[in-house]
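First chain A sits with chain B, and in the next complex the same chain sits with chain C.
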Partner chain A sequence: MMNFLSNKKFRGKNQVYAQGGFTLMEVLIALGIFAIGILGVASMQLSSTNGNTKSRKYTESSEFGQGQIETLMAAPFASLADGNTVTADGYRVTWTILNQSDTNGDGTDDMMVIRVNVDDPQGVERSVYTFSRFLTIGP
Partner chain B sequence: MKLLFSKLDNEEGSAIVVALLILAVLTIMGISSTNNSTIELNIVRNEQIYQTNFYQAEASAYEAAQRIEQETNTNNLIVSESNLDWMNNDTLDYFDQSNWLNDGSANDNTDVSVIDPNAFYSAVGKGVRMGSSLDIGATRLYEYAVFGMSQWNNGNAVVEIGYLRRF
Partner chain C sequence: MEIDREIKNSQGFSLMELMIAIAIFSIIVALIVTSKVGQQDQSITQVQAVEMQQSVRSVMFQMKRELRRAGFNPFPTNYNSGILSATATSISFTAVASDNGEDDDNDGTTDEDGELETITFALADSDGDGDFDITASYDGGGAQVIAENVQNLNFTYFDSAGNITAVLNNIRSVQINVTTTTDVDELVRDTDNSTRRLTTTVYMRNMGL
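Let's turn to the complex of A and B:
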């Protein structure tokens, strides 16, 4: 066994040519360049995280908005009015009646356009949807 | 020859090479995560545009159904006698958006919805529902396919619903 290891032919290169480590200058320059580069990479990661957070907020607000639309579609026509609600996650859902009219002139309003806005917990508007309700037609 | 090998075996300056290699790997990871986030935002935006168009198209289709329901002159609800631009026969494929015409000309076959200037509705009269004309003198059940379309923000959604009216 010893014979095998001491045979020069089978030894690793490092044992044949001594590796003296790095000089201080070398390490300093390498670290400096690495540090500058890592700053760029870090900011890339940061913007990516921000983008993902933003897209999560858009997605969540979009779902809350759609949920509210479905609720308003199922509500009786006469009970519809402006309103708002805050979800457990802090999203504020606001619905506004934009246009209420009597299309056949029989004295009863039979159509309304409703807008649903959703603000994220920081108060930034993330989604807006509009839909219509009709007295005689629809869900 | 010996000189050349001794130069190749010289490992001075390897620290910078290792540092740059690690940096390259991290840069690739950074670029891919930025890409991922950009794609994520595109998905969300497209989803919102589609949903907006879908709700507007649905509202437009209901509006057309309501116009059919409220039309007092029932001649307008029979395709061959109708004066309404948006009442058409069954030859048009409304899922092809090029068939939606609304430029103010005589060829118009749609009407603008109240919900949005980019939303239109149209209806196709399918005639008397099978079996409903057997009783002479009684009212008949007319069958319609009602379409709504919305093209907000380069998106496109078409909604078709069926509607029956007896008159």
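Let's turn to the complex of A and C:
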């Protein structure tokens, strides 16, 4: 002990009194910076939650939309008309015939372009599909 | 010596100072722990949500893809490919698979014309863990689990006019409804939102050609 203290390097006022710890201001600033960091992590979590909710809505609406396309493909060509339906989960599926044409020139329309839109329960459009339905393919 | 006096004068902290310091420190630690627990909970909730979503999406993808092949037959000969059985929770069907490199009908010849592949989807607790799974079975082989933790699987069959039918040969489209939930052994974090449901329709374009 005495050896340690009598060592020139560790003697003198400055060295001993310099062990003053942190001032309140320093600690508060450090905590403030730390809190900002934690908030950053919390906001990442929030965006991951939002991302998952979004992906759920996109997946559900795309399944409804694709299902509606398959339904329209399975229905008789002549029976197709604009329409909409609201699923049990609250998604609104709307289908619209954009145009019809007579591709082989026999006087009867044999092709139509149909658009299918799916809105989530909050009314935000999540999926849009456009496809062609031919008279010769399907019933 | 000057230094000795200085050392003797450093008296450390008083009990009061120490207690106040500990109290402040405890409050800060309590805040950090609360926030950490909340974040942990949130993280588990999201992991569960992703599991349910992924499982319902992938099983839907596989069933849709295979159901479109029901009744497939590229040959002029009728090999009677089609739906073998159709219930609310299972479906079994055949499709000509004469180019998949397998001896689907176990007759010793691989990929002969009109070789039928049999595919079955069903709801069953296949791994015996107390909740339902969706299984797939190819060519009468063992049922393989393709989705775990399934709460509900429902098939609805429609004929060409869009009416519900039970006549196998009249089935032209099928509506698939799958609901997945969290694992039976896991604590449900988000009780208001503990299931994921997908509904879609598949037009069986190879049926009745």
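We adopt the following convention: the second predicted complex is superposed on the first by the 103 of 139 C-alpha atoms of A that agree within 3 Å, B and C clash if a C-alpha of one lies under 4 Å from a C-alpha of the other, contacts with A are read in each partner's own complex, and residues count from 1 in each chain.
The definition used in the following text is that a residue touches a chain if its C-beta (ideal position, glycine included) is under 8 Å from a C-beta of that chain, and two chains touch if they have at least 3 such contacts.
Keep in mind that what you see is a predicted model, and the values were worked out from it rather than measured.
> Just to be sure I read the superposition right, which of the two partners does A:38 touch: chain B = first, chain C = second, or both, or neither?
both
> Of the partners chain B and chain C, which touch A:48 in the superposed model: first, second, both, neither?
both
> Could you look at A:59 and tell me whether it touches chain B, chain C, both or neither (first, second, both, neither)?
A:59 sits against chain B and chain C alike.
> For A:70, is the partner it touches chain B (first), chain C (second), both, or none of the two (neither)?
In the superposition, A:70 contacts chain C only.
> More residues of chain A in touch with chain C or with chain B?
B
> May I ask you to decide whether A:82 touches chain B, chain C, both, or neither, giving the answer as first, second, both or neither?
After superposition on chain A, A:82 lies in contact with neither partner.
> Is A:102 touching the first partner chain B, the second partner chain C, both, or neither of them?
Neither partner.
> One more residue to check, A:125. First (chain B), second (chain C), both or neither?
Neither partner.
> Would you mind listing the overlap between the chain B footprint and the chain C footprint on chain A?
Shared contact residues on chain A: 17, 31, 38, 41, 45, 48-49, 52, 55, 59, 66, 138.
> In the complex of these two chains, what residues of chain A are touching chain B?
For this pair, the touching residues of chain A are 17, 19, 22-23, 26-27, 29-31, 33-34, 37-38, 40-41, 44-45, 47-52, 54-55, 58-59, 62, 66, 69, 99, 101, 103-104, 110-111, 113, 127-132, 134, 136-138.
> What part of chain A is in contact with chain C in the complex they form?
The contact residues of chain A facing chain C are 5, 11-13, 16-17, 31, 38, 41-42, 45, 48-49, 52, 55-56, 59-60, 63-64, 66-68, 70-71, 73-76, 87-89, 138-139.
> Given the complex with chain A, which residues does chain C contribute to the contact?
3-4, 6-7, 10, 28, 32, 35, 39, 42-43, 46, 49-50, 53, 57, 60, 64, 158, 160-162, 172-173, 175, 196-203, 205
> So in the complex, the part of chain B that touches chain A is made up of which residues?
9, 11-16, 18-20, 22-23, 26-27, 29-31, 33-34, 36-38, 40-41, 43-45, 47-48, 51-52, 55-56, 58-60, 62-63, 65-67, 69-70, 113-116
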